[in-house]
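First chain A sits with chain B, and in the next complex the same chain sits with chain C.
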Partner chain A sequence: MERAKEKRLSSARGERGAKLLFGLCAAFSIVAVFAIILFVLYRSIPAFREIGVFNFLFGKIWKPDWESKVTAGKLEYKDIFGIAPMIVTSLAVTLGAVLLGSVFGVFTAVFLSFYCPERLGRAFARLEKIPMLRTIPLKGFVQQIINLLASIPSIILGFFGLVVIVPIIRDISPNGLGVGVLSAVLVLAIMITPTIASLSKNALEAVPREYFEGSLGLGNTKNQTVFRVMLPAAKSGIMSAIILGVGRAVGETMAVMFVIGATPGKFPTSLFLPVSSLTTTIVQEMGYVSPGSIHESALIATGFILLLFVLLINLVLNFTKKEKLGGDTVFHKKLSQAQKERKGEGYVRVYKQKGGIQTALKWASVAFALTIVFTLIYLVGFILVKGIPYLTPRFLFGESKNGAPMLAPAFVSTLMIVFMTLLIALPLGIGAAIYLNEYSKKGSKFVKVVRLFIDTLSGVPSIVFGLFGMIFFCGICKLDYSLFAGSFTMVLIVLPTVIRSTEESLKAVPDSMREGSLALGSSKVRTIFKVVLPQAIGGIVTSVILSVGRIVGESAALIYTAGSTIKMPSGYSGTGSTFAVMMYRFQVEPVKGLGVNAMYATAVVLLVIVAFLNLLVSLVQKHAGKPKEKTKKEKER
Partner chain B sequence: MKQIEKFSFERGVAIDVREMTLYYGDFHALKNVNMTMPERQITALIGPSGCGKSTLLKSLNRMNDLVEGCRVEGVIQIGGENIYAREINLARLRKNVGMVFQRPNPFAMSVYDNIAYGPRTFGIKKKSELDGIVETSLKSAAMWEELKDRLNKSALGLSGGQQQRLCIARALAVEPQILLMDEPTSALDPISTGKIEELCTELKKQITVIMVTHNMQQATRVSDKTAFFLLGEMVEMGDTERIFSMPKDKRTEDYITGRFG
Partner chain C sequence: MKKTLAMVLALAAVGGMVSFTGCGKEKTTVTISGSTSVQPLMEELASAYEEAHGGISIEVNGGGSGVGISDALLGKNDFGMSSRELKPTEVGLTARRLATDGIALVVNQACAIDGVTADEVYNLYANGVPIGSITAGIAREASSGTRGAFDELVKNSEGKDLTELEAFADGTQTQNSTGNVLTQIATKGNTNLLGYVSLGSLDETVKALKYDGVEPTVQNIEAGIYRLSRPFNLVVKSGKTLSREAQAFFDYLFTDEAQEIVESKGYIRVS
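Up next, the complex of A and B:
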């Protein structure tokens, strides 16, 4: 009897210990966000103090090569590190890209939700007769293209901008330069369009079906319904999508790096002017600052300002999310009124016009969606055609002699980082997801805060992660540039993905299974590990695949943490480059023999990996299937 | 599993509910319930939807603990022990008081692992021992012949009726003294229902069964005692035959005649 009691107590303690452990995993995101803010701030202070916050923010001149002028004796500290031009550039480029991206993204979402036929045969009567073409799932295809475009690493987009968009702009530019504001806007727009499109589509599909039918029932045309009822009803969701796009665009580094012109200190006074944004300045100059200098601190401070922007955007996002379905209140009034009257004398048309504008909008949505599809096909096709000829076995796996470019080290480094990152991020992320889904009580403050910080973490730009990794892992933890430092930095980047994806699939496990296990006398921990987690395997696998994709394509966060050597890594404490970093390196220091072709070839490898991972994700999701029984939690939402 | 202590029933009483009251937050779901459920018999709980049958059933093995804001007052004694007392071991309680749910809820594992799940929880690891338990449990649920060649197939591939009987077998695998069943046949076809009813009659030779049912005929067919609930109150309890032939309470009469007629 005594023994039994003791055992019971120890098992209760075990249960509490497990809960605490999962809670700590969940709290990790909070710690991470604070650590990033504090350490980046800490290393910005020398710059703020030396330059003055006001001069730093509003100074119009950026002259990092001041040391030579010190000897000349005419140094004016105050004006030398002014980031006002970069701030304005970042905002301007973001504004342009978001305007373009929203138009393309939202129209594409409308097309996908309302106009895209399921199968190709439905689109064109003539194709009905050709059995092979008829059954092509058009909608799925367009969706896949959007997904693929969303997962293309930013360095590839930047490279595409460099070799395709810049030459086009050069032709129309009055100054004969292709690089500059406009090119950056275009590349960024391509980058954020798929994100805005997917999220807007989700928002549109969340609008209750009755709205659609109600409006049709009132005698409106389909086009009127789509553009005057459905779109306004999805307003707040679409707003969130666009704000998210703003966050991504303002923090993007590699996609704009090659095309913006790399000219710090210039205001974007013309569309064709070469300039520098906050992010590109950091990446370009961090490589040659002397450690501990004010210049280094000024770059970190630039990152800090960027971080503040992004945090602000995130807060805004957090507030817009809370809003309910928006919409045309006039419509609602008339809808309910008409429903009352319907019994009497037929339908009332809400909108009297013939709907010519809406019909035009319909065709606009078709055109915008087609443009997206075409852009992706062109991008992929272009890179494949240019890159495949250089994809020799020697280039892929050969041994590097005389510094000739080879990808073998990238394979090894990437695999090593993937392994180490997942080794840490998976337990941490799964633990956090378990806490959020299995232990949290309704309306818990802690859970709300954790979610806010997970969202915040996922909005932090790569370059800021890179700065943090450089300061904390390389510097304070004395890891130097190493695969360790790179992997630890990547843990922070992939963690939100792992948590979300795991939590999604935990939610899909019906509560009845948990009850079944608990009713047999199993403990909560055993229930979670033996019954719930095995069923959530789909989400975990998905999170692994997404993380691998993220690591393979990541560059800005790795250049100053894992380094950018083209050599084979010597171990986790040695440096190494992933594929994307390798591409960056090939651009910055063109290599003998291959030149830009090395970039094409690397891009092909990256694209193939990304496409393969995308395919895997959709296979896993199909295989894992939809849960048969909805859980209580889901019903409540 | 052997080292988990059983409850020792006295004078043929398995469960004794005394002045039991239950709240879900502010909602008063059970009001001053008093009843005794005899050992090795089948007690049926009947009553209109929402009257608190499932609530009572779930409080017998404290599955109500999972519901946020659920509060229990009064005493529920099993074998003389108050199961809401602080020192009660939940694992022991639930091992001895098994439960079968309205919808079959097999785990997403093989048939074998489903049944071995409970015994494994209580530390049985030996393959030979588990094999034995799986076989006896399936036999007691009368599905050994049906399933002996499919032990390694996923339990989710079984039919609804088979799944429900598997859940019964799974519950039996930990050798419970009491089995709680919440409308175990409401999601099943008549043939599966018949099999489960037969099974219950067989089971009561060994264990005590408490069954919630919406189906009056089922109650008369299988149960020894019947308790009628209305709006959170236990209105009347007695021998099944007596309850259905000459109910003492007007409300019971209204309910059963309304249903039968």
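Up next, the complex of A and C:
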């Protein structure tokens, strides 16, 4: 008896310990966000103090090479570090990209949700006769294309912008330059369109089917229904998709760096003017600063201002998300209000005309979606055609030497970073997801705060992660440029993905399984590890693949933490470059005899990896996701 | 639970293996970082040295002159490379000249212009005054050694140099490496751009211009008539004792053998 009691007591202690452990995992995101804000701010303070916050924010001149003149007593710091033109540029380029990206994204989402035929045969009657083509799953294909476009590393988009978009702009621009505001807007628009498209599609599909049927039942045409009923009903979801796009665009570094012209101290007064944004200035000059100089601190302070923008955007996003539920009820209210006003008439068809505008909008959505699809096919095709001839076995696996860099070290470095990152991020992320889903009570304040911070963490631009990693892991932890520092920085970047993806699949596990296990006398911890987690393996695997994708494509955060050597890494405390960093290195220091072709070849490797990972995700979702969806649906019934 | 434990152990084992394989076959490494202008030359010198001395690995990283200097100060490298003289703020370091380099003004092969004057170059970068078909200049990022030297050396008729400018003329774009300037200039149809690169990095994809009527050649720089030139320096923390391997390589750089490589690559030797 005594023994049993003791055992129960100790297991109760174990239970409490487990809960605490999971809670700590969940709280890690909060710590991480605060650490990022505090350390970046801490290193910004010298700049703010010497320059003055007002002069820094509103100054128009950016001349770091004048710093020695300050020491000579000719000038003051406030005269040489002003980021006003960069702030305006970042905002202007983001605005342009989001306007374009949301038009393309939302119309593509409409096309996918309402107009895209499941199979190719449905699209054209003539094709119906050709059995081979008829069965091509068109909708799935377009969806895959959008997913692939969403996961293309930003350095490849920037490179594509440089070799394809810039020459086109050069031909039409009056000053014959090509690089500048417009090119940056276009590249960023391509980057954020798929994000806006998939999130808007989710929002559209979340609108109750009854709205659609009801509207049709009232005699509206399909086009009227789509554009006057469904789209307004999904308004808040689409808004959060667009705000998320704003966050991604304002923090993007690599894609912009290639095409914007990067000249600081210029306001974007013309579409064709080379200018510099907050992110480009950081990435261009960080490598050149002397340690402890005001220039270094001013660049970190630039990162801090960027971080503030992103935090603000995140808060707005959080606000619109809260509105989401309300949004639909508002729509309900409007409906009932309309019913009341027309006393007895009910809600009748108000659009008398045949809906010419809506028909035009339908074709617009088809056109926008096709443009996206062709852009991606062109991008991939272009890079493959240009890059494959240079993808020799020697370039892939040969020994990388001074003056003759090869890709072999990138395989090793990438694998090492992937391994170390997952080793830390997986337990941490899964632990947090377990806490959020298994231990939290409904409406718990702590959980709300944790969720807010996870969202915030996922919105932090990678260049800011890079700065933080450089300050904290390389500097304060004395890791220097090393694969350790790079991996630890990547942990912060992939953590939100791991948590979210795991949590989704935990949610899909039916409660009856948990209850069954508990009823059989298993402890909660045992239930979680033996019953719940095995069921959620699909989500965990997905999170692993998504994380690998993030790591493979990341460059801005790794350059300042893991270095950009071309040599084989000597261990975790040595430096190493992943494929994307190699590509950056080839851009900064073109390879003799290969030049830009080394970038094409590396881009091919990156694209192949990304496409393969995308394929894996859809396979995992097909095999592990489906049965669960069924059980979820059964539960609802 | 046993399964989880086994998995964790297996992971730890693999992790240990990965981190130790590196240490096992480690070669003696000399780390050098800094100016991207010096880097191509240093890479040539390093591979020549590596071939002659087995078992030694020389890691040449870029980053820029500032990085080379800061890394030297912080002990992150064995020694740094800089393509400019030390600034008054950069104390506690000793610089030794490895070579002298010219800065060549370059245009597209199809560009009709053969030579420019200092005044024309100044006015292009400062005020956007076109030179024939050339309407815009390409600058390097702030604190690049090449840019620092270029901005100081290009003076207009009143003796003002480019460092005095608050900002370059509209249309000036900034590229963050010698290689990128070359790529931009060499792109077909870009006859409206002027750029500047290290003389040693000059290749046949672009056309080098006469500056005030003088060809950018090693002879003209040695004779002192081509005025766009600057030093390639090695930077060591004052009072630091280099490792045996690093000191050996450092000494090698000033031998006749190494200086012949310097010369053969289009730079001006110091000894």
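Note that the second predicted complex is superposed on the first by the 591 of 637 C-alpha atoms of A that agree within 3 Å, B and C clash if a C-alpha of one lies under 4 Å from a C-alpha of the other, contacts with A are read in each partner's own complex, and residues count from 1 in each chain.
Methods note: contacts are C-beta pairs under 8 Å (C-beta built on N, C-alpha and C of every residue); 3 or more make two chains touch, one makes a residue touch a chain.
Here the structure is a predicted model, which is why all the values come from computation and not from measurement.
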| item | value |
| --- | --- |
| Contacts of A:264 with chain B and chain C, given as first, second, both or neither | second |
| Contacts of A:564 with chain B and chain C, given as first, second, both or neither | second |
| Partner chain in contact with A:290 - chain B first, chain C second, else both or neither | second |
| First, second, both or neither for A:274, with chain B first and chain C second | second |
| Partner contacting more residues of chain A (chain B vs chain C) | C |
| First, second, both or neither for A:423, with chain B first and chain C second | second |
| First (chain B), second (chain C), both or neither touched by A:512 | first |
| Touched partner set for A:16, first chain B, second chain C, both or neither | neither |
| Which superposed partner A:480 touches (first chain B, second chain C, both, neither) | second |
| Chain C to chain A touching residues, read off their complex | 1, 4, 11, 14-15, 18-23, 26, 29, 36, 39-40, 42-44, 46-47, 50, 57-67, 69-70, 73-74, 76, 87-90, 135-136, 139, 141-144, 147-148, 151, 163, 166-168, 170-177, 179-180, 182-183, 187, 189-190, 192 |
| Chain A - residues contacting chain C, complex | 61-68, 71-72, 167, 170, 175-177, 179-180, 257, 261-266, 269-270, 273-274, 276, 284-285, 287-291, 293, 295, 401-404, 416, 419-420, 423, 480-481, 529, 563-565, 567, 569-572, 574-575, 585, 587-590, 592, 595-596 |
| Chain B partner contacts - residues on chain A that touch it in the complex | 4-5, 8, 11, 441-442, 510, 512-513, 515-523, 526, 530-531, 534-535, 629 |
| Of all residues in chain B, those that touch chain A in their complex | 3, 5, 61, 63, 66, 68, 87, 89-95, 98-99, 101, 103, 105-109, 117-118, 121-122, 167, 170-171, 174 |
